[in-house]
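Input: structures, listed below.
After this come two complexes, each holding chain A, first together with chain B and then together with chain C.
On to the complex of A and B.
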């Protein structure tokens, strides 16, 4: 074990924000469905009745509009990829869920992780600066490799988000909004 | 300069990150996540099919066969319970002597005993993931399960510590070929522990150790005992800090 402690001056510096980009949405889709030849974009819009149906099932729909990437090979559909983001205690997490034709979760990949400094996470303006900014490359060099240690971060908001996406894709397929 | 490939997935109730030196590491990364999912399937009390969830529903006097992962973590937990004078307790106060694991057979002695490996299982899972990466020939990298992490190989990795009250991180150290874990017991923490006086523990502790299982588990011993020089640390070549 090799451990070199920071000098006290560094350790006393103000806390800073922390961000990692892992994958772009396109990279995640290809990773989840490597056999796909293309991904078609579909915009699923839930009507009021569908939103109520989700609420009744205990899955708060949160949004009426859900962009879905449909994995295709020739004329056949292989599955679906949905990108979403959730806010935790200090962090904003963008993640992608891959769903197979059986309706089950195939894979979940985190696309980006952004930890705020202070309580900026609650500020829409802080979150907006990252909208649409998923990395083009998952490669990181130099100082970017820092690891955070701390109290175990809960991922229950990601788990809830995955359940919501499974329910939305299921509804959309039943209504014919997705192939 | 080393190029790194990083991936993160929700596992073990937290975010697990795998970082590897180099590119084209998809198969190794998948193997590391598979190792962790395999450990989770044995230990998670939230998975009704796991050994621990099945144990928790057993009546007193009954027993069950457990997987080698479960037996290994329970053996470490038993050892640490005895060595820490009862401070480390995976029954979380429900009945520390209400269970016993004999090789692969887990016995329930008392009704009401419930096991929760949340204080040691993440570290064990990280160690198994690192084993699989090394077995696949990965030269350097890390596995970080929501703050409990292990770095392996020649590279040194900067380590930052989260400010638990307001968020944000501070540089703390650089770590090579070793593990580091942190526990925070505060009024708003998910983790709850009671000390010898039955008062809730309020502490923020980190431990560095060669293996992540011991780093993870020893943070609880240090936080609950309030002793950053606890004699058990030396047994596992560990070092601790109370922040």
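On to the complex of A and C.
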């Protein structure tokens, strides 16, 4: 339980504006699909049956609406980028997941990290663990993803988030909601 | 705030152009001297600089506040400002947190000594003032009830401000946990194995060890984290030679916890941790500071260092730590205490190795049995006081802890273990615990 006493609207602007924001969503998308000519915005809406399907697969869908950036070059689709936020221990972590046409994770980027501990989740070595993971992968700390000592919650929550995004994109592609 | 700040940018640009035109017309109509023209140009330049500064201020305000950006989407400045991340939501500025432990200890040979205790109940909050600055606090109550006739204790465990200076560097000031060992900064019950915290990191490293001061934190892209700073330290004038506290935890008996802390002598500290390979942490720390504050019989320094590692390959969680502390000039400090029960040791040290295995998981349930072996000596050596006067070194205690953590949910843990001691067999015990952290 977290008691929210007040809210402060803080823009997640690129690195130049705030020291702990490392990339903008646009920068991350271009980094993941440098060959893309454009990114089309698609809003994936999950219906109740799809949410239940995710739940049955052990993935908490959390939201029914998922904005997906579809990387395009000419008429062909290159892949998908989803930007999401999870709470680490106390603070929001913003991250982006790039998924190829094979449904496998291409890249994970941390856009913003504000916890006092666990900055190491930004390191390429930790993020590389996700590359190649699909909806069929365990994507679980202690199984196929190694933890970072002292940042267990941040690691677990980002890992759960990547698992959720991989599952949502997989489901959306199967249902024809994504090209 | 200047009223002109509220003018829309196109309007201000028009006003600026008009004033430029007016100034030019005026100067043309008059038979102005060159000096007058120069003065007017200077005036215009100053005006332009002021407008530029206001423009920059507005841009910064818009970049820092998405609400302002949304309120004036047509403004050219908004179009030039970087687009915020699509999913950005309002973040809570203040977050409440808590952790606690309720413990049952039952000595196997002395069941009459069995105890149940709310070991600690901690409430904390974190408040973010802006994107770079936050306050972190924790208030702790130990042993449930605090009054003149109860055993409880109330303490501020953390109260510091952290400010991000650059992507790599942050500064902390206030009362903070010392970056030492594996447990001190991660001491919530969900973060360690066993009902009780390990002995090395309570008897040698006085967890939960905090000091007041200034700390710089550097998080580097190669996986290194550097923490260094200047802080308050220990107080050797508190040493009670007639009590056993100093024997149980030499530094725990002379810590100050920023409660009217003597601060004539300050300390320096540093810690380096490397987490460049997922699942692996290797690090060490060093603390050294004066502890006599011009009040003890002799000037003395407390030094403590440690080396530690933790490796979590797959279902395994393996860790090891060695720590050693020393106090200088103890011969002079102990001379007037000769004959007392507990003299000040010259050195004290300990190490442990621990292995835990995630044996069974189902949804959020996780059962992790563990085994820990520890060796520690709170009085490894005493300074020479002369024949017959120098106390003998303390016995090295060896403790084996075998048990399991059962995670009910990521924030709730139930623990059970058995502890066996080589020296003080009367202390052998069974422990049960319930802990939470959020």
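In the analysis below, the second predicted complex is superposed on the first by the 120 of 179 C-alpha atoms of A that agree within 3 Å, B and C clash if a C-alpha of one lies under 4 Å from a C-alpha of the other, contacts with A are read in each partner's own complex, and residues count from 1 in each chain.
Operating definition for what follows: contacts are C-beta pairs under 8 Å (C-beta built on N, C-alpha and C of every residue); 3 or more make two chains touch, one makes a residue touch a chain.
Worth saying up front: this structure is predicted, and the values here are computed from it rather than measured.
In the overlay built on the shared chain, the residue A:22 is in contact with chain B and with chain C. When the two complexes are overlaid on their common chain A, residue A:93 makes contact with chain B while staying clear of chain C.
By the document's definition of touching, of the two partners only chain C reaches A:67; chain B does not. Touch criterion not met for A:179: it reaches neither chain B nor chain C.
In the superposition on chain A, contact is made by A:110 with chain B only, not with chain C.
Contacts of A:31 after superposition on the shared chain: chain B is touched, whereas chain C is not. Once the two complexes are laid over each other on the shared chain, residue contacts for A:154 go to chain B alone; chain C is not touched.
Residues 1-6, 10-11, 13-15, 17-18, 20, 22, 90-91, 116-117, 119, 142-143, 145-150, 152-153, 156 of chain A contact both chain B in one complex and chain C in the other. Residue ranges on chain A touching chain C, taken from their complex, read 1-15, 17-22, 24-26, 58, 67, 83-85, 90-92, 94, 111-112, 114, 116-117, 119-120, 122-123, 125-126, 129, 142-143, 145-150, 152-153, 156. Of all residues in chain C, only 63-67, 69, 81-97, 126, 128, 130-132, 136, 162, 164-167, 170, 182, 185-186, 191, 217, 219, 221, 223, 225, 275-281, 310, 312-315, 358, 361, 363, 410, 438 touch chain A in the complex they form. Of all residues in chain A, those touching chain B in their complex are 1-6, 10-11, 13-18, 20, 22-23, 31, 89-91, 93, 95, 107-110, 113, 115-119, 121, 138-156, 158-159, 162. Of all residues in chain B, those touching chain A in their complex are 1-10, 13-15, 17, 19, 23, 26, 122, 142, 144-149, 151, 156-164, 166-184, 189-191, 204, 206, 208-210, 237, 239.
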